[in-house]
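Sharing a structure with you now.
Chain naming follows the written order as A, B and C, and within any one chain the residues start at number 1.
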Amino acid sequence: MRVTVRDVAHLVGGTVIGDDQKLLTGISSLTEANPGDISFLANPKYESYLKETKATAVLVATAQENVPLIQIVVPNPDFAFARVVASFGPKAVPPPPGIHATAVIGENVRIGANPAIGPYAVICENVVIGDNAVIYPHVYIGHESIIGNDCTCYPQVSVRERSQLGNRVILHSGVVIGSDGFGYASVEGVHHKIPQVGIVVIEDDVEIGANSCLDRARFGKTRIGKGTKIDNLVQIAHNVETGHHCIIVAQVGVAGSTKLGNYVTLAGQAGISGHLTIGDHAIITGKAGVSKSIPARLVVRGSPAQEIKSAQAQEVAVRRLPATQATVKDLLARVAELERRLSAITPLEKTTEKNT
Amino acid sequence: MRVTVRDVAHLVGGTVIGDDQKLLTGISSLTEANPGDISFLANPKYESYLKETKATAVLVATAQENVPLIQIVVPNPDFAFARVVASFGPKAVPPPPGIHATAVIGENVRIGANPAIGPYAVICENVVIGDNAVIYPHVYIGHESIIGNDCTCYPQVSVRERSQLGNRVILHSGVVIGSDGFGYASVEGVHHKIPQVGIVVIEDDVEIGANSCLDRARFGKTRIGKGTKIDNLVQIAHNVETGHHCIIVAQVGVAGSTKLGNYVTLAGQAGISGHLTIGDHAIITGKAGVSKSIPARLVVRGSPAQEIKSAQAQEVAVRRLPATQATVKDLLARVAELERRLSAITPLEKTTEKNT
Amino acid sequence: MRVTVRDVAHLVGGTVIGDDQKLLTGISSLTEANPGDISFLANPKYESYLKETKATAVLVATAQENVPLIQIVVPNPDFAFARVVASFGPKAVPPPPGIHATAVIGENVRIGANPAIGPYAVICENVVIGDNAVIYPHVYIGHESIIGNDCTCYPQVSVRERSQLGNRVILHSGVVIGSDGFGYASVEGVHHKIPQVGIVVIEDDVEIGANSCLDRARFGKTRIGKGTKIDNLVQIAHNVETGHHCIIVAQVGVAGSTKLGNYVTLAGQAGISGHLTIGDHAIITGKAGVSKSIPARLVVRGSPAQEIKSAQAQEVAVRRLPATQATVKDLLARVAELERRLSAITPLEKTTEKNT
């Protein structure tokens, strides 16, 4: 990249403190920056880095005193920096424009304007793909699937038949959409496969991380709400539905038919049982195991998951438990001694009477 | 689909209550049904849905009174419905019959009758494949592997060399069979790879979910017993063996050389340490961490896993623990007060003597 | 295989006790061996197997008396056996030498001596690959990536753009290198993607298991240190760095920017939060949840993870907790009774005074 400080400030609507003609040639964090780089300060606790960084310019929320860098003041430096990187940073190189000669396109496939479809992609009959599709090599799109505009499928993505993707959906390498849900009817010791004839619907602006799996519904729809972001190696079972703008971190599993509200956060390695409802803005912390429905805005922790303050109080209590048990043992001895001493004073018969 | 109620009743051996000439055009759950749909009632707790559903006909275990639907009475509505869906529901469209011109077939490969092998499949030398094979695009089958009759490999499945699959095996997208087991000999701080020269054997009627991994044995065999069903993102390490008809839910991990009996259930995200034996019909509940062998029919929970009733009693106890600790603190004060009061009555010297 | 005992002894530098001209035709564990097989005894607790095995020869650390097998004495039988298997055991058959006619090689790609690149591999522009590369079918290597000498990529590996692999790196089927890190700037309820413009660096002698995912850095580098071994289905988030010779077992997740020292062990299904430091030789046991940095050589267990002895003491304490709570209930009754009896002796007014 070769842009001026002024170019960056113009892009993000920021105010420059310092030389706005200075040339910027790279992008980095404060700690890793070299001269020529632009960086950002999102968290005030890293303010001291401004004195040591080799960066040439920095995006800040409020002007800093006594720092030798050029500053660009913007309300949200984190977001502004993301825009700078998107505009001036290195980019993935999609397959060349057009449809590669080796791509296998089935009958009656409709593809919108400006496709970039790579070698060995396989797109089955009756698929509809919107404009500006980026389909990397070895992607499979099953028959009758519908892909919106501006979608990206990285290598080795598998979209099974009749799936429906909205606009601006990103599927990372190895993602599987529409695999059969896990359902069997067990009759006399044999598990008979229950056909999974539903579909998967992925709404606009969803991004799904590498090797994550979203099973098709038994019937009806497995649905991922618009703006929801899913990390790597996540399991979404059949008939799960998420609301809008959920965050689902790596290695989470959500069992069948569970419904998430809007803005739900599932942190890494959490597991949610089937047929539950997770309310809007609820937060399931990392590794939590949820086996009951969770009301809106509740934060839960542990397995089985509980409201976070209770869970933490119990964790503290358990850490003290060996000491508590020693105390109880001591109390037992002291009480026995008290009983002995008291019995030496008061007649035992009387006490016995009282207890019966 | 366009079938009559009588057609459905005939298929499942059911008794019709109502108009058996009525046309059925779709398949759905009771809550999502439209007119023309057939649905089912598997669980009596959803009986009330029968009054509200828009379905035209329903499979039931016992005839219901005062419901406006056509009923088909069968012993197991869940299983019967699965058969209806399999017969009349929408189906995955396999690759066209034959072997696609772009499939790469190695030397000395034998393929049975009626194959459907899609574009860009790669089948290496000396592979044997049975009748009615469905091999989707981008599947890799390594040299000398043996695949039985009526098997399905979805896109991007990788079956490494010398693997052996029985009949009616289903491998979902991204499944990896026969990757190297995780084994190293550490010598002077360097981890030297231990060659993994065994194989994977998958018996009849096994289904394996998307992106699951089954490692080849160090030597000998990693074996999945007949009728076992494995969900998505499951890890089966080298030399693991499962019995018949096990159920292994998503994101479970089984470490090396562990043996499962028949009808074992491993619920979601459970982890089993290596070199253990899990008895027939044992149930490992979700997220459990098993580090000791489990006898037949035991149900375990928690990490480290314990028999479920003990585990649940401890969970209840931990929830009450903060209150217990407050009680112990209170008892300490009361006992100290008792000791003080008693010492005011009886000579302290005497007590001290007793304690030494 | 057809080699003599002497051949094996020569390979591993061992001393033969018995007939060194005997022919060996197979490799196996002691319990599964047939006549003609060579096996090994690594753990003295299996010494009794030597009396029952059908193996013809065995690698041992010290000469055994009264066993009917040919013995080859070596300092480390486990490691020696690994070398025997590597030399004489069955091997994966790589793609044929050369570059398959269907491989798509981009402009300005440089490939070293003796490549074996299989059908339908896609190698994008400006990639550099060292000598003796083994690239199985359906592998994708993104533009400007650098692959060292003697590397193996199994089928359906995806190496995204600008990744850097050292020498002797092994990537198993379905591995994804360089997928976008999981990062969003949330502005007014919408999660805006933060471009992930860094890379992944994998040093020499790293092996990565099937379907594991290593995200590219936000900027800078996600780095896997030399000799580190990663099992299947592992998640390595953006900007994670590991030291040398770490062991990361299946289904582990490491969140963003966490740094591991050298010789760190992360056992199966462990989860490490972001922005932490794990010291050299630390051991994180299976299923542990680590939310604080861990000093060198500490062994931790549980979730939240604690030093293992404390964690185990608490586990024991929790198992006794229901009994403890029964004891506390009993103590409450006994103390109340003592208070009652004592108050019958000493004036209550006096006690009350003391307490105020």
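Definition applied: a residue touches a chain if its C-beta (ideal position, glycine included) is under 8 Å from a C-beta of that chain, and two chains touch if they have at least 3 such contacts.
Every value quoted in this text rests on a predicted model; they were computed, and no experiment measured them.
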**Prompt:** For chain A superposed on chain C via Cα atoms, how large is the rotation, as a multiple of 5°?
**Reply:** 120
**Message:** Please tell me whether the contact surfaces of chain A and chain B are same or different in residue numbering, using the over-half criterion.
**Reply:** different
**Fill in**
In whole angstrom, the CA-centroid distance of chain A from chain B equals 24
**Fill in**
In chain B, the residues touching two or more other chains are 102, 120, 138, 156, 174, 211, 233, 251, 269, 303, 318, 321, 324, 328, 331, 335, 338, 342, 345
**Request:** Flag every residue of chain A that touches chain C in the complex, lowest number first.
**Result:** 27-29, 32, 76, 78-79, 81-82, 85-86, 89-93, 102, 118-120, 136-138, 154-156, 170, 172-174, 205, 207, 209-211, 227, 229, 231-233, 245, 247, 249-251, 263, 268-269, 286-287, 303, 315, 318-319, 321-322, 324-325, 328, 331-332, 335, 338-339, 342, 345-346, 351, 354-355
**Request:** Note which residues of chain B are touching chain C in the complex, please.
**Result:** 102, 104, 120, 122, 124-125, 138, 140, 142-143, 156, 158, 160-162, 174, 176, 179-180, 182, 184-185, 187, 189-195, 197, 211, 213, 215, 218-220, 233, 235, 237, 251, 253, 255, 269, 271, 273, 289, 291, 303-304, 306, 310, 313-314, 317-318, 320-321, 324, 327-328, 331, 334-335, 337-338, 340-342, 344-345
